[in-house]
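Shared chain: subunit A. Partners: subunit B in the first complex, subunit C in the second.
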Partner chain A sequence: MPFSLHFSPTPLITAPSPLSKPFFLVPYYHTLYAPKSPPCSSTEHALTHQGKQEAFDRRPEDSQTLPLGLRRDAMPSHVAVIMDGNRRWARLRDLPVRSGYEAGVESLRKIVEICCKWGIKVLSVFAFSSDNWFRPKVEVEFLMSLFERGMQEDTGIFFRENIRISVIGDLTKLPKALQELMVNLEEATKNNTRFQLIVAVSYSGHYDVVQACQRLALKAKCGLIEPSDINVSLMEQELETNCTEFPHPDLLIRTSGEFRISNFMLWQLAYTELFFAQSLWPDFGEAEFLKALLAFQQRQRRYGV
Partner chain B sequence: MERIRERVIQIYGNLVSLLQKCIFCILSVGPIPNHIAFIMDGNRRFTKKCKLMEGAGHKIGFSALMSMLKYCYEFGVRYVTVYAFSIENFKRSPEEVQSLMDLMLEKIEEILKEQSIVNRYGVRVIFSGNLKLLSEPVRLAAERAMLATAKNSKAVLSICVAYTSTNEIMHAVQESCEEKWDEITLLNSSGAGYGLISLGGYEQDEMDHLIKLTDIEKHMYMAAAPDPDIIIRTSGETRLSNFLLWQSANCYLYLPSVLWPEIGFRQFLWAILNFQQIHFYLDKQRKQS
Partner chain C sequence: MWHLLHVTIHLCYFAINIANALESHLISKGLLRRYKSLHISKLQYLAIVIESEDCRTSNVIELLQWLADLGVKHVCLYDMEGILKKSKDFILEKFDGATLFQENDVLLDQPLMTLEFASFSDGKEAVAKAANVLFMKYLKSGSTSSYQGEQIFTESQMGEALKTVGGNGPEPDLLLVYGPARCHLGFPAWRIRYTEIQHMGPLKSMKYGSLIKAIYKFTMVQQNYGK
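Let's look at the complex of A and B:
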């Protein structure tokens, strides 16, 4: 059954989920948190007079779930993440590489939950780079099956939590079944408005610019535009990040202590604040994410001026 | 007394120089970066911090730049790129923009002099950016400098002026489309064209053959230099600010907290050591892409 809003002053207590279950099985608004004051009239007004989605966004819990120090007005709209360090994490524990990737998926689920809670609108994740096709075939096949499994398992959750999924990258290189799954999931969730997860698969910043250029060249060839009409705005319309209202990440987080962009969203990162976290991606949790956001909120952004 | 003091300073300077040369000898056992890029951030903050007159920070920053260029060329770095003036910087106050343009004019004349670093190390100077946005005196001076140093071949200094990466990419895309447009027009007129594509639909193959990555790269303002190995941004800001976005795909980012006028040998050394640590892996990544 799709999402239905139940607002109650007494929260429903659920049994704690086992660690292996994704958070999505415990719906977001069922928490152990007890509201400090009775429901305010503005919320009741929202419930009765506004659309159900706006009411959902204005729940009083939202204003109280931010950790100390974080300002809601200065939250980034779009956070991008390079999820580096899964294989190293596995090697350090003498585990097979696939365990590292699975731990990475769990980490991603936690971060998506936190983004929803803290009011971040868009999260982009660099799941698979164009360069990653050169990894061992067994590893690549495992990753493809992991993506397929993850998307299938979490489909219900995306609907229940009103999450929009977008996939960017050269999907023609992916197995046909995965391609279809991704395209169908994108289509089915395109009207979800609470949060958008952009998954970059078989993607690179160079690829994005080249495909935008090819589209523009084709338009010029068909006489729809002149080459001299090409400007920044036309470019942005053709980049794959045209699937979101916030195409430019405000903050890029790269884990595992490496100081480089690795061909992720080059155009879009022009004025993005960069944060390099030392921990490996499977260990990147709420505490580190909070550190990144606090650092972001202290930055003075000049946009090149 | 004065002469003794001068002599001591000279001896000290020579010792420091000798020590630096020794360190370079040791470092050159490992990989030497081919291209280092600098985002010279923090000049205005330095002026405020040291309570100097307006514009003094930029002048001291220029001296810092000369020192860094000396280290780079002595060590054997062939390409150096500096982010001198962004297109967005035109939005600063007219007085500040004018004083920066005046400083640029003055320094362009200086670097063309006989004893300057450019002639000492055989450096070819290139001004990368949308030079049409510059005032005529600055643009002409830039063109003169490029002409005067065109025959130098030991090293290259790219000065990014009136530059942003998005403008560079957009310009390269525009040029690529115009080039293909001319090609198609020529082929169509000779009867050997690709054929018309019906509006509203197209084949993926057609799109792939239209423009390739190399077509775009050759139209970049920075086409004369390879991708940077290290981008150094001072003042502790961790962002690229629209600098070399296309070229920084697999580049090591070094982000020291010193302000640009304060940068010195220590930061240069640290950048090289870190680069040498990850060089092998980055090189493999670059060859794969």
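Let's look at the complex of A and C:
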């Protein structure tokens, strides 16, 4: 089934809505092409009950679309991406910075599509770091509106393609409307199982560790755990990546030729294969992604043992 | 078709490896001009991550000697299992040009290189211990906060708590990974927010020219720290 994003004035939302929140009706300028094969989440829900979820996740068309050289058994379950280079991309083309960010969103959509096709279960993207709040106010406001617009526009796609959305980061700093949209979208897609997109917004690795400590402290204070119980394993459970079955990325890709993690998932990346791509994020496409995956599959990884 | 593709890819990688080896040789002989003068002062603190299985003290000492020759003043040696930590006395004895890094040491220019030895216990385990320290302080403070959204700890408090348990050192400017996998193997995560990371390949195949190239690349980087 083709995975495509097309926009037109006619609204067509087919997915069942567990909530009655108005935002489901919001994407009125967006349309869905009727898929040729199963795919709305009610059908997928039925398949789950019949224990055929596995068959659905490995649909025949998915296994046929794997490029030559890539092994399905060695695909990473969780890929993380630092989407760097949007502003540079715009500057190189004498375009305003916002064009770079918009091009970045398109690039993200393509990579999500490829992940779904190639059987990667989780994609985490570093959309906005805690440090990014220090960018010019106009730029930050544009990014917030871009996140809001993007999530609204693609809501139908998330349901049609059975994609779960999770958001990690300090959401209290975001505009209220965006916070609400994100929380609603997480709740509405939480039962989607084909693919999970984790969007890190107002996030940093330091923040994640501190909030995990905080949660543990509150649990200990309430008597749910003993202070002496606080260990590495409990810390792991309280990190914001506990929203996924695969909290540790197998592969991290950073674009634009920079060779650092920039405060992203510091704890979770201990054994993650690091791939630093030269291209800027809006130019990062299937070919480069394939290169990263091939490099990942060729590495001899001992996971520190 | 598959075999042809396989052979082609192998030939490409072979050619790349030959080119890299040649470049490394030229760099170490000082024949490539741009690598001749390194702005080594930009490299305040260097971390070396080594796969525990590949930890050969002879290679480590040779590497340290190269770094000393280049003028690197502060180095942290890390391997997950703490093999380097256990060999610390031996390494310091065999490598004359170093002293043990003390936590309160300021990163100033000094005649001898300072060496820090770290392992997994200084990473995630230290953070868990620091979490305990923070919690005990929180209890003692008698705070009545139970609202999950309220911030009761800060990043700087975590930093201080890590210092208390001996898990907080300087943030390395550059981290070199020697091993088959391109990952940092649990190096204290709290310390590598903005650290440049370079994968150097197995320790037994280390090359002086590659080391110079990695440091040179680092000195050319401009960071904007997310701003």
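Annotations for the structure displayed:
To be clear about the criterion, the second predicted complex is superposed on the first by the 249 of 305 C-alpha atoms of A that agree within 3 Å, B and C clash if a C-alpha of one lies under 4 Å from a C-alpha of the other, contacts with A are read in each partner's own complex, and residues count from 1 in each chain.
Assume a contact is a pair of C-beta atoms (placed from the backbone, for glycine too) under 8 Å apart; a residue touches a chain by one contact, two chains touch by 3 or more.
If you're wondering where the values come from, they're calculated on a predicted model, not measured in any experiment.
With subunit A as the common reference, the superposed partners subunit B and subunit C clash.
Looking at the shared chain after the overlay, A:G69 reaches subunit C, while subunit B stays out of its contact range. In the superposition on chain A, contact of A:L290 is made with neither subunit B nor subunit C. By the touch criterion stated above, A:A188 is placed in contact with neither subunit B nor subunit C. In the superposition on chain A, A:L146 makes contact with neither subunit B nor subunit C. By the touch criterion defined above, A:R260 reaches both subunit B and subunit C.
Of the two partner chains placed by the overlay, subunit B and subunit C both lie in contact with A:T272. In the superposition on the C-alpha atoms of chain A, the part of subunit A touched by subunit B in one complex and by subunit C in the other spans residues 130-131, 134, 172, 204-206, 209-210, 212-218, 220-222, 227-228, 230-232, 235, 258-263, 266-267, 269-275, 299, 302, 304. Residues of subunit A touching subunit B in their complex: 130-131, 134, 172, 204-206, 209-218, 220-222, 224, 227-228, 230-232, 235, 258-263, 266-267, 269-276, 299, 302-305. Within the complex formed with subunit A, the subunit B residues making contact are 86-89, 91-92, 164-167, 169-170, 173-174, 176-178, 180-181, 184, 197, 199, 202, 204, 206-208, 210-213, 216, 237-242, 245-246, 248-255, 274, 278, 282, 285, 288-289.
Within the complex formed with subunit C, the subunit A residues making contact are 68-69, 129-132, 134-135, 172, 204-207, 209-210, 212-218, 220-222, 227-228, 230-232, 234-235, 258-263, 266-267, 269-275, 299-302, 304. Of all residues in subunit C, those touching subunit A in their complex are 2, 5, 9, 51-53, 80, 120, 123-125, 127-128, 130-132, 134-136, 138-139, 146, 148-149, 151-155, 158, 180-187, 189-190, 192-199, 217, 221, 223, 225-227.
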